[in-house]
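Can you keep this structure in mind? I'll have questions shortly.
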């Protein structure tokens, strides 16, 4: 059983009628529903307006994969929570950053990079599968078309990704590394570009398939351990010898 | 002209007689002297006990490559200074983290990873050149022997490096990725393992050669720019078109 | 069911008494036995002295993962067979190159690099797990000790590996990237250093565990397809538009 | 002085009037002229119809960087020449594969991968600089527009590149990793997508700038050595010790 927590700042849904219409249960609600189609996933929803910003010690301690959607509320997330998330990722928790979460505190902290990009509203996107063998691309065809999506364009201020699974083509003339994987400590990270709040992206069956794939890919094989700390000196019996001429 | 600042917490030198004996001018002083052999390097020294912890806005604004040695004083470094260093690296400043700086605030912040490792005092190290074509390995032979050095062992909690230039062999039975490169924003980063304070590592001619090589490698080709920020929307004339059926 | 073929040149076993004593059923026989402990593996043995050098079209067409041990008979392997192996790897077949197979025709053809290394007989090796989360490292401790093994040392003439899972420490003073992964076309490749013919390496329980892990990791998720060929022009309906001003 | 040889199969120029019109001196002639603007480049031209297919032992032995344009004549290139090129790249010669050279014998041999891609005639391309700090991108703006170019689309059957410098956007809806770097042995390799024979790509000032940048990047720092061969056993004095309990 993989325990997934879908976190959403849940602000646009409350403040913008057009977003509320697309996501009456919130972006988190729609994503959670999509994940619940897998019997091996135990899915919890969490939002910024909950106690402990939705992620108490207990919730985090029972999360194997954390999905994150945030945008205008990035600055509202507690720094202490960001540190707890980082520690848990280092211990093995998977982390999936969606769309504007490229500028979220947890993602930037884990990347160590600016995470900036180029953007513009209202493009058509063709999302290409550039690594068809990758587990996150399983069951998809050659590409997915999104009739309307916010354009995100290169250069994308990330570290060299381990794998680039998807690349986005935008009608306005831009390209983007739309699905990238990273590892930080024992944890696996997936950044996925589609998901602007005013477009019904997370209702798209293939986008939902990608999210299900990504959760299974990011889940730690042997559970989440503690954050690694600097190991003590190795007891001398384990050392083969200590000096060149010993 | 490449402007280098050699920063050192400069604590061991003042508190431990054996360290002071090895480095009467401080670790920073010895490194600075080694760099001054290159006429194209303008070298400044900076220490934790100076005003602004040695790195005022002006000093940082005039630094192309920052070398960092820290150990017991990691926690004393101002968080605001760490952020300024990170921003400048993102803008293009090179950053060279030496030895125990693997746990320094700037390095960990730039890595986004635990940076933990295994250690033990007093080993013999053979430092292998595993990427002989790398600019940082220029002018070296096949390996360097260090009669005594602190053992640092794998697993090393870093992200996948762009290049592994050196690997360390320790007589006690451990191996380590002793010289690794990374990129964060526009800045180049080099981590280099040798340099325990009680061993005269930075007096070693080939270690000095590596540091000179690393500074030249890490220097930004076109100066340091500003930290990248999220670009504005691209003016419409640049967009090829905005909708599929436009 | 994963169909594994364990290929061995099987020369030393027939010509050297000490090797025959260690591997009375051949290196392939010992490895095959270790793999047969997994009920999901269907294991076949193949040797150079069989018809079609052990790998007829039919055998290859029914192989999901090919394990390769070769040494003094590299030059005897048919070039046409090498091309068929390469094609099948490109189509998705996993390929595991053991020890001296670093200089085998299939491995070098797939790498595109010299694959050279440094070597010396008769060292003690400590094999470190440097990527404990990697599926190939599952169920192992921190390291494995091999009382006697041929030393393989850096620099190792490979392309930058996707992952370095193991690193070897040798008592003579050398280090080596002893377990590396690569991808070529749709196929996954694992190079694994231990396994000199005069040492009983493949009888070691943890080495056997690594081989079982590697086979499961290298197996293609959705079977082996055909070698990719240059796709035809995409029919025009799929193109969004063909000219800037269309 | 960097010695560059620009090799071209030079077939289209002789058989197709429209190509001859664009490149009256051949594709190689236009590229060579662009490179000769740099006083530190010594530029030679070589074509398939010359003796030794343009690349005698002597020519190759005096080439630091080899540029390759081929298309319909891939199969005509001698296998022995391909092996000599591969050896020299392993020894340190830079290799720049242009456009349809993705399917050339030398490039595929060096990659070890299928190198297949998707294609279609007659698109508009916007070539994005996605790694603005890379030496090959020096002096360019954010992107280059090519009014007409053959579309090359993902998935591109290469191994994970070391760096992706350029990404192409095509008006028909495709994306491509248009500028990628690799290392094979001591040699640096750059693949660059633009350059269909019926389009005047190599007359474009910024494309010429990219080629000049790429030659300087690919040139070996210390000349080209011999192809690496398996080193002999290390003489015993260099070994720290040979057995655990020695």
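Read from first to last, the chains carry the letters A, B, C and D; within each, the first residue is number 1.
Here is the rule we use: a contact is a pair of C-beta atoms (placed from the backbone, for glycine too) under 8 Å apart; a residue touches a chain by one contact, two chains touch by 3 or more.
None of the values given here were measured: they were computed from a predicted structure.
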Key: Chain located farthest away, centre of chain B as origin (C-alpha)   = C
A-B or A-C - the one linked by more C-beta pairs in contact = A-B
Note = Per the C-alpha means, the centres of chain A and chain C lie apart by a whole-Å value of 33
Note = Per the C-alpha means, the centres of chain A and chain B lie apart by a whole-Å value of 30
Key: Junction residues of chain A, two or more chains touched   = 124, 126, 132, 153, 160, 162, 171, 173-174, 183, 240, 244
Note = As the complex stands, chain B meets chain C at residues 126, 128-132, 153-156, 160, 163, 167-170, 173-175, 240, 244
Query = For chain C, which residues are in contact with chain A within the complex?
reply = 92, 124, 126, 132-133, 135, 138, 162, 171, 183, 186, 220-222, 240
Note = So, in the complex, the side of chain D touching chain C is made of residues 86, 90, 103, 109-114, 116-124, 147-148, 153, 157, 159-160, 162, 171-174, 182-185, 227-231, 233-234, 238-244, 246
